[in-house]
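Contents: one structure, followed by commentary.
Just so it is clear, A, B, C and D label the chains in written order, and each chain counts residues from 1 on its own.
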Amino acid sequence: MVIVMAPGASDSDIADVVTHIETHGGQAFVSRGVMRTIVGVVGTEEVLETLDAGRLPGVAETMRITAPYKLVSAQNHAKRTTIRVGGVPIGPDTFTLIAGPCAVETAEQTLESARMAKRAGATLLRGGAYKPRTSPYAFQGLGVEGLRILAEVRDVVGLPIVTEVMDAADVEVVTEHADMLQVGTRNMQNFGLLQAVGACGKPVMLKRGLTATYEEWLMAAEYIAQRGNLDIVLCERGVRSFEPAIRNLLDVSAVPMMQRLSHLPVIVDPSHAAGRRDLVVPLARAGIAAGADGVMVDVHPHPEAALCDGAQALFGDALDELARAVSTIPALLGRTSAAHLAG
Amino acid sequence: MVIVMAPGASDSDIADVVTHIETHGGQAFVSRGVMRTIVGVVGTEEVLETLDAGRLPGVAETMRITAPYKLVSAQNHAKRTTIRVGGVPIGPDTFTLIAGPCAVETAEQTLESARMAKRAGATLLRGGAYKPRTSPYAFQGLGVEGLRILAEVRDVVGLPIVTEVMDAADVEVVTEHADMLQVGTRNMQNFGLLQAVGACGKPVMLKRGLTATYEEWLMAAEYIAQRGNLDIVLCERGVRSFEPAIRNLLDVSAVPMMQRLSHLPVIVDPSHAAGRRDLVVPLARAGIAAGADGVMVDVHPHPEAALCDGAQALFGDALDELARAVSTIPALLGRTSAAHLAG
Amino acid sequence: MVIVMAPGASDSDIADVVTHIETHGGQAFVSRGVMRTIVGVVGTEEVLETLDAGRLPGVAETMRITAPYKLVSAQNHAKRTTIRVGGVPIGPDTFTLIAGPCAVETAEQTLESARMAKRAGATLLRGGAYKPRTSPYAFQGLGVEGLRILAEVRDVVGLPIVTEVMDAADVEVVTEHADMLQVGTRNMQNFGLLQAVGACGKPVMLKRGLTATYEEWLMAAEYIAQRGNLDIVLCERGVRSFEPAIRNLLDVSAVPMMQRLSHLPVIVDPSHAAGRRDLVVPLARAGIAAGADGVMVDVHPHPEAALCDGAQALFGDALDELARAVSTIPALLGRTSAAHLAG
Amino acid sequence: MVIVMAPGASDSDIADVVTHIETHGGQAFVSRGVMRTIVGVVGTEEVLETLDAGRLPGVAETMRITAPYKLVSAQNHAKRTTIRVGGVPIGPDTFTLIAGPCAVETAEQTLESARMAKRAGATLLRGGAYKPRTSPYAFQGLGVEGLRILAEVRDVVGLPIVTEVMDAADVEVVTEHADMLQVGTRNMQNFGLLQAVGACGKPVMLKRGLTATYEEWLMAAEYIAQRGNLDIVLCERGVRSFEPAIRNLLDVSAVPMMQRLSHLPVIVDPSHAAGRRDLVVPLARAGIAAGADGVMVDVHPHPEAALCDGAQALFGDALDELARAVSTIPALLGRTSAAHLAG
């Protein structure tokens, strides 16, 4: 069961709802989004039947959810949710381009990448300070120093920042610097990390696991929501396949499917799906046309010298081509560019 | 090695090239497309080095191909090929919509479907007379009677027809009725069938096997080309995946990848990938935006009564939505609608 | 519905059952195995309810089968079936080793391979005269000449032969020469071929498709059974996976699962799964220990010179190691070696 | 490059090697196993060429490793490694059965499970105190209380314990109680956790990720080894597949492949692969016959009441059948039961 609080519900209203649930023998999970608060209820059939939360002050609606995921399910949402990251909307009415370097290497490279991103129409800056690398001998990111660079570049360029956190122990420091925390593919079921970002107070981008089903992905989002954070954006970034010629197989079906199953925004990362520059723009266009609420791409001023995934970073003509797609296709689908709204 | 004949090369020129190859100890495979003829050469390194075909009359070019597929490789093609099906082009400059019923059930249903297809902008009519069904107890198609219905509907509506052939023994009768023969997913490596359609004299649509790599798919096309037929269109229709919520996973990466590896046109079938109506239009849009040369969809006037795959057939609003996508997105990518050219 | 005929039922008894079904508006599919005949019935619920076949002469049992596959389902079988190939049993009480060259190249190579096979404990000889090759430029097999070589070697060595048929048009000639026909992975859903071998009168080995589900595999077997042939052996040979270090992934779960779902024997082909010699014996042992009714392996006297799949052919020590596994592990599972019974 | 220290090398010898590497501009990673210490060296080609570590005291051998994983590679090991867990060997000469409840629920259930495990021939007790669950609403394990129960049961029954750790923050408390730490499938690339168990001083069982390649799995092991812990056992537990009838597909090829690529022991978990009881014993036998160094299974005295994965827990006849397989098949492959050695 899910109890949706009215927009103006007070903390004390919420506390009363929790008390009501607990005194009837149920468990309550409070999830606060920017727009509204949802209280998830877990309990036996008997417990749920004795509840009478609909009459409590501040309660807008009470709903039974049959899906195994409750707080992130589309079932209790007439319209999909819009999340705001440092003021920039991601949701059903807009289209948001997120761009930046795969890894933060230096202040100069990050600044230059951010300017490329902005010119291409990006309203959010991505960049990795903590890098999950298959090999322990590969560049692991600059850590806190990378976070500081990102924050400085944000001040200069004016784009809120999205950056990955890999360890529950780092959530606090990343939250201090970033506008949105990213949970990566390999950590989609790192439940300790999910719970930590669920309590961090900043929006979270949850990438799909390399071979996660839609339901597993939504259950991972539910771990975040259950700790009180409903500001979650789902990011499709390709699944593992048998095809040796591509790094991952971008599952564009995930865009309409996840938008039907959940009220959360869904974006696409064609760079990590493709692993090669010449596929990034076609895949980005495919994601946009499939109805994604945004796209996230790697850019780099000097990809040949990049410390991480240079082969997939956009620059020059390819980036211009992406900018054209971003400025034309979303409008065909009734979307406004987030660039205009963020301004 | 591949020997490309000039557009005006005569049969006798081609015969001379074959003789030249065979007298030097090589094997020759002649492949005739609408636009030009290619002669594939197989032989040891020594054989290839002694050849001097470049000086023979009618020879435009002689090229070494390093890919395992020769005749279908992009290596010897400055521009990708345009195939014509009953006059309708499929290729890099146009966008072609193919639509029709999954299975031909009755003359009325086929005619009505064809009219729906045409209204939505289709320039080719699809429809199955021979249906590959997982179960021997399922409707297997009308066979020759279905071919006749298709031919009659073509005469009434004016759309050339594409229909599947499942058995080498049926290639002759299908060739008599159809404008393009389709080889289905399950038969992608039915080598006897590939060779039979390679000799049929009509264009062939080759669907990707359920779990075929790009290279295996191109090797299957090479079987067709090697028997003399270069008028091949490749059709991505989704690959098998671990995700239970979708029937197949549409691999949009296949569009740009196959267009780089091969000179053949590449289209997308979102209906069989999705298996459910609400995904067909988003996936069709994704395929178009990824750069597909065409899209093929199922339509049905009464999907709830369809004998085959009714759940994925478009009609009403969804078909209108597809028509809008077909009339707007290809132009953004510099393509003309095939509808205008076929007229 | 399935009607099981008693062992002594006459042709006229069977004809009466068919007439009974058809006069009530159903369809009848007669399937003759070595041990008994089964009549499959397809019809609406009303049709099935009006039938009263249980009282007809020669009918042993009438059963409703809920699985989508009827004739091959385990539902109406107290014990799994034993198939006999030229007198050699394959079934639940025995363990059968099938070995031989991947491709028949010459009479000498085939004879030598057959002797190696026999020394290792094989009671059936495998060998390919028609080879399904990904590339049209690869060795395609000797065809009819290869069938003749196999038949001669059978006469010399005394092992019944199993060989692949790729085309419905070749079923007659292969049936003349072979003791068992093999339908390969790529043809698992070549329905015309399945129907042709269903009518051939010889046992059939049906290899699993590269990415076929258990149900699709059984439905393919049902196509064969529906045409009257119940002497079918299922062969697991590895499925496609994401792992680049192996050619296919041997699915040992398929052995117990298919033995639960179907009454048909299940064997394993570790050679084509592995694609490399050093994995063949461990995988063969795994298949035996999982409960397979037999194992089929490639052997070659000079693998380095083989025209097809030499890298996976066993010889020398590896073949001895396999022989030891075959002579020890099946006994632990209560099986007799087919070698003793075939004597 | 890898520098293998002699068995009697002192800490000061190791420190000298590290200093030698660092003064030449390289990075040193010290890995201590029970039997020997290995120092991994990372650096440019020039750095590696200037090193002269072979002449330093305590150095047994200096080797260049071409695989991307260095410390866990088989390249510098004449024989595969034997790990000892509370005295119980896991390695190439023995066969080790690990059994116990999926989750620790109560002291009674754990004790009863441990006794079942021991009777079946197990020499190590498994049991989960921290449970990674797809759903946040499912039983998450007893945590520290579960660890205490496991430790008490170990004292009573005499089996060293293996238990999962999900969070770097819990490594210390789990290390206090357990004899071996398990890193689960979902955490195979949780690099912070890998580094934490790399420094914990106890043996580690590293389960394969749901869709990890052999190389990714070994790179994950390298993360552990690089922090100084070479006592790693690799556990194959099934990979994700397209087949809906099974939970995961046990990849038996992984056993011989990983034993060739790495010097580490490799075991198999058929319970989590199968997800259903009737497959566990056939898959366990397959793993043993493929050459696994051990098998790990779930047992439960009352599976129908289990809080986690009861459907796959062995008891009664199935457990007896497993015990028979464990006492017969390994001997055929030249292995001694770990039960005899642990005594």
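By definition in this document, contacts are C-beta pairs under 8 Å (C-beta built on N, C-alpha and C of every residue); 3 or more make two chains touch, one makes a residue touch a chain.
Just so it is clear, the structure is predicted and the values come from calculations on it, not from any experiment.
Participant: Based on mean C-alpha positions, I'd like to know which chain lies farthest from subunit B.
Facilitator: Farthest chain from subunit B, going by C-alpha centroids: D.
Participant: Higher C-beta contact count, B-D or C-D?
Facilitator: C-D
Participant: So how far apart, in whole Å, are subunit B and subunit D when each is placed at the average of its C-alpha atoms?
Facilitator: Centres of subunit B and subunit D (C-alpha means) sit 50 Å apart.
Participant: Go ahead and note the Å separation of the Cα centroids belonging to subunit B and subunit C.
Facilitator: So the centre of subunit B lies 34 Å away from the centre of subunit C.
Participant: What whole-number Å value describes the gap between the mean CA coordinates of subunit C and subunit D?
Facilitator: Their C-alpha centroids are separated by 39 Å.
Participant: When you check subunit D against every other chain, which residues touch at least two of them?
Facilitator: 211, 240-242, 244
Participant: Which of the residues in subunit C end up touching subunit D in this complex?
Facilitator: For this pair, the touching residues of subunit C are 211, 213-215, 239, 241-246, 249-253, 255-257, 260, 273-274, 278-279, 282-283, 285-291, 324-325, 328-329, 332.
Participant: What residues of subunit A sit close enough to touch subunit D in their complex?
Facilitator: Within the complex, subunit A touches subunit D at residues 42, 68, 132-137, 166-169, 186-187, 189-192, 209-211, 216, 219, 222-223, 226, 240.
Participant: Once bound in the complex, which stretches of subunit C touch subunit A?
Facilitator: 240-242, 244
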